[in-house]
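A short write-up of the structure that comes next.
Order as written gives the chain letters A, B and C; numbering starts at 1 within each chain.
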Amino acid sequence: MDHATWPTGTLVGLLSILILYKIFSARMGKELFIRKIPGLSAIEEAVGRATEMGRPMVFVPGIGGLSLATLQALSILKYVTSIAAKYRTRIIVPTIDSVVYTVAEEITKDAYTAQGVPEQFNPDDIRYLSDDQFAFASGVVGILNREKAASNFMFGLFAAEALILAETGHQVGAMQIAGTPSILQIPFFITAADYTIIGDEFYAASAYLSREPTLLGSLVGQDYAKALIILVILAGILTVSMPPLHLHGALSFLNHFADWVNWFK
Amino acid sequence: MFTRYLIKPGAPQWLWVLGVIGDFLLFGGILFAFLQAIPARFRRPFIVTLTFLAGLIYSVEFFWPADPKTQMNFLTPLRLKLGEATKVVYAFALGLGTYNLIRFHGSNLIRKRPGWHNNLAFFISFAAMMGVGFWAYYAPSSKAAANAYNMLFEGIVGALGATMFSTIGFYIVSAAYRAFRIRSGEATLMLLAAFIVMLGQVPVGAYLTSGIPSGGVLRNLRLENLSYWILSQPNMAAQRGIWFGIEIGALAMALRQWLSLERGSFFEREL
Amino acid sequence: MNIFERLQHIDRRIMYALLVVAIAAPLIWRINLPVVVTPAVRGVYDTFDKMPADKIALIVVYWGAGTVAETGPETAAMMRQLFMQNKKFALLPFDPQGSKFATDSAKALAKEYGKKYGIDWVHWGYQPISNLVPLLQSFPGNIKGTFRTDAYGTPMDKIPMMRNVNTLRDIGVVADITSSGELDTWIAYVQATYRDAKGRYRVPMVYGPTAIIAPEGFNALDAGQIQGMLMGMKGAAEYEKLLSAEGFATRAAGALSTSHLLIVVLIILGNIGYVMSRRRGEG
C-alpha cells in the first residue's frame, strides 16, 4: 500500500497510541509482568554449554538486510555476546549483508569492551560470507562443521536455508535456539532446533532479556493492540452473521450497521 | 546535490560518479565535523531530532492523502529520492563486505592455516567470476564472453544453488523422522495432521482413499479434501493470528526506533 | 541395542539412500496415480479462462534454478493455457536464471502452438528484485514509460501486441510465480490500490508458489485477493490435468508420492520403536 486509506490510518493510529501510552506509563515506574519464554531463558544455558565444551558458538542473524527483524536479532546478539565475553567463549557471526556485517562487528566489539576484555574480540569471527542465499547457507554449514559449534543461535529473517542450517547444527551436536518472524520457517526450526521462539515472542525478546521498563511497556501495549484487533474481528463476525434488521423511525440507521465492515475494504 | 549544478548534462559517466562521491564526502564531512564540534551532551538530542525528522518524512508521506490521479502527495518525490539514496549507501557497504572477505581469506592464505586451499579457491573463483562478468558486460557481442559467463553463472553458480536447495529434501526426511514422535496428545495431533497433509498433497493420498465416494458428506474424509481443509482453514487461521502478533510487534519496534525509545544493543551508547 | 531402539535411531545415510531410490525409481519406471484437481488450482484455470481476449496476462517470474522443478512446470502450464486459448502474455522476470528458464519454455511452447514473439508473447526484460517496489509504483499507470523496451531492445511501441497495452487496466491477469513470498507486495502496491480516471481496478491475480511457501497463500485466497493458486509441483500436475497436457509435473508426481510415503513409513517405524521401548521400560 503506497498511502494509507482511512481504515488503515485509523487503525495504525489507534494501535500506536495504545503502544505509546503503555510505554510512557511503564516509564513512570509501574511494575509489569512478562511470562517465561523458554527459548530465551535457555540462552545462558547454551552459552554455558559452549564454555564447558570448549567449543565456539555460532550466531546467524538471518538473511534479511538491516530490517526491523535483523535489528531485533542484533539486539539479541548483543546479549549473547555479553554473556560469551563474561565466560570467555568464542562466538562466530556469519552475515549475508555487508551493512549487517558492519553493525554486528560494532555490537560484538562493544560487548567485549563493556565486559573489560576487548582483547578477546577477534574481527575474523564476524564474517561477511556472500549475499547469495545458498552460498551463505553453505558457508554457515562449513563453519558449523569445521568449528564443531557447541551452540547455534538463529535469529532473524530466514527462508529455505533455515532447515539446512538447523539440521546441520543438529548433526554436529549443537544446542540450538531459533527465533524468526518468518512464519513458514517456524515448522522447520521446531523440528530441528531445541528451542524455537515463535511469532511476536521474537519481538518480545529484547524486553524479556533486558527487563527494561520501556520495552516491557511496549510489550503490554502490543497485547492491548492485539486485544483491540480481536474485538474488531469479533464485532465483524457478529455483524455479518446477524440477520438483516428492519428497523423504522429513529433507529433505522442501525439497518446499515452491518455495512461498517465494508469500510475496511 | 551540487553535482546537478556543477556538471553539465552529457558529461561522461565517470564524472557523475566522482561528483556523487564528492557530494557524499562533502555532506558527510560537514555532518561529522558538526558532531565533533557540538558538546557531548547535545549529541544525543541532535541524533534523536534527526532520527525523528527522517522518520517523520516517511510517516507523513504515508498518512497524507494522495491525489487520486497521480497517487502522489507533496512528499512522495522526496521519499522516492531518499529511497534511491539509501541504495547508494548500500552500494558503499558492498565494498566493506568484499574487503572483509579478502582480508579474512587473504590472512588465512598468507599464514597457510589449515584449509588454506579453500581460501585460494575463493580468490580464484572471485577473480574468475569478476573477470568474466566484466568481459561479458563490456563485450556484449562476444560469443566467447557469453559462453564463459553462462558456464560460470548457470553451469556452476546456478547448479550449486540448486544442489544446496536439494539438500533440504534430504534434511526434511531426517528432521521429520526425528521430530514426529507420539510424546504427548498435542504431538500425536500434530503427527496426524502431518500425515494427512503429506499424503493429501500427493496423488498417492487420493489413491489411498479412492474408495470413499467423491460426493456427499463422506467426501470430506478423502485425504486430498481433508488435507485441503487443514491448509485452508486451521492453518490459515493460525498463520493470520501469528501474523497479527508479528506485525504489531514490528509496529511497536518501529515506533520505538523512530521516537528513540529503543533500549539495549547500541541504542544507549555514549556518543 | 534391541530392534526397537534401532528403529528409533535409523542411520540417516540409510534414510537418504532410500530417498534417492524413492525419487529416482518412479522417474524411470512410471507410476500412474490419479491426480485430483483442488479448488485453488481450478481457480487458476478459470481466471485465465475468463480473461478477456483483448487484455494480456502478466507472468511474473521470481524463481531460480533451485526451484525449477516446481515453478518451472507451473510457469510452463500457465503459458500453455494462454497459448491454447489464443491469449497473449508478457513475461516479467526478477531472477536472471528464472528469466532464461521461462524464456526457453515460452519459445518451446510458442513453436508447439505456432505462436510468434511480439504478436502472442513478449518479454519485458529482467528487473533486479531490489527494484520491485519502485517498479510496482510506476508501471501500473504507465507501462511503456516504465518498460521502454523489451528484453531485446525493441521499443515497446514497435511491438504489435503492446500497442494497446498502456496501463494496468489493459492487463487481465497477473500471475506471480515465485519461490519467495513477495505476493503481499504485489497485492499492496498494485492490486489493492490501483485507481485511474475510470475508478478502481482490482486486477485478478493468481499465485504459483513452491509447496513450502504455499500455505501462506491461503490467506490471500480466502480473502479473495488472489483467485487461484498452484501448490508446487503437485499443483502444476493438477493444472496439466485440466489442460489435458502431460508435462514434467505429471511425470514426476509419482516420485513425489513415493518420497512422501517413505517419510510416513519412516515416521511410523520410529514411533513403533519409541512406543515399544517406552512400554518395555515401564514394564
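Rule of thumb we're sticking to: a contact is a pair of C-beta atoms (placed from the backbone, for glycine too) under 8 Å apart; a residue touches a chain by one contact, two chains touch by 3 or more.
Values in this document were obtained by computation on a predicted structure and should not be read as measured data.
S.K.: Counting only C-alpha atoms to place each centre, which chain is farthest from subunit A?
M.R.: The most distant chain relative to subunit A turns out to be C.
S.K.: Which chain has the mean of its C-alpha atoms lying nearest to the mean of all protein C-alpha atoms shown?
M.R.: B
S.K.: Where is the C-beta contact count highest, in terms of which two chains?
M.R.: A-B
S.K.: Could you state the distance in Å from the CA-based centre of subunit A to that of subunit B?
M.R.: About 15 Å, centre to centre.
S.K.: Take the average of all CA coordinates in subunit B, do the same for subunit C, and state the distance between these two points in whole angstrom.
M.R.: One centre to the other, that is 21 Å.
S.K.: Taking each chain's centre as its mean C-alpha position, how far apart are subunit A and subunit C in Å?
M.R.: From the centre of subunit A to the centre of subunit C is 30 Å.
S.K.: Which subunit B residues touch at least two other chains?
M.R.: 71, 161, 164-165, 172, 174, 176, 178, 180, 239, 243
S.K.: Would you pick out the residues of subunit A that each touch at least 2 other chains?
M.R.: Answer for subunit A, listing residues that touch two or more other chains: 2-3, 134, 160, 183.
S.K.: When you check subunit C against every other chain, which residues touch at least two of them?
M.R.: Where subunit C meets two or more other chains at a single residue, that happens at 12, 66, 137, 193, 215-216.
S.K.: Flag every residue of subunit A that touches subunit C in the complex, lowest number first.
M.R.: Residues in contact with subunit C: 1-3, 134, 159-160, 171, 183-184.
S.K.: What part of subunit C is in contact with subunit B in the complex they form?
M.R.: That would be residues 10, 12, 15-16, 19, 23, 33-36, 38-40, 64-68, 96-97, 100, 130, 133-134, 137, 141, 193, 195-197, 211, 214-216, 218-219, 221-222, 231, 234, 237, 253-254, 256-264, 266-267, 270-271, 274-275 of subunit C.
S.K.: Along subunit A, where are the residues that touch subunit B in the complex?
M.R.: 2-4, 9, 12, 15-16, 19-20, 23, 65, 68-69, 71-72, 74-75, 78-79, 97-99, 101-102, 106-107, 110, 124, 126-129, 131-135, 137-138, 146, 160-161, 163-164, 166-167, 170, 181, 183, 186, 188, 190-192, 198-200, 202-204, 206, 209-210, 212, 214-215, 218-219, 221-222, 225-226, 229
S.K.: List the residues on subunit B that touch subunit C in their complex, please.
M.R.: Residue positions touching the partner: 68-69, 71, 80, 83, 87, 153-154, 158-159, 161-162, 164-166, 169-170, 172-174, 176-178, 180-182, 191, 194-195, 198-199, 201-204, 206-207, 210, 224, 228, 231-232, 235-236, 239-240, 243.
S.K.: In the complex formed with subunit A, which residues of subunit C make contact?
M.R.: Residue list for subunit C touching subunit A: 12, 66, 137, 179-181, 188-189, 192-193, 212-213, 215-216.
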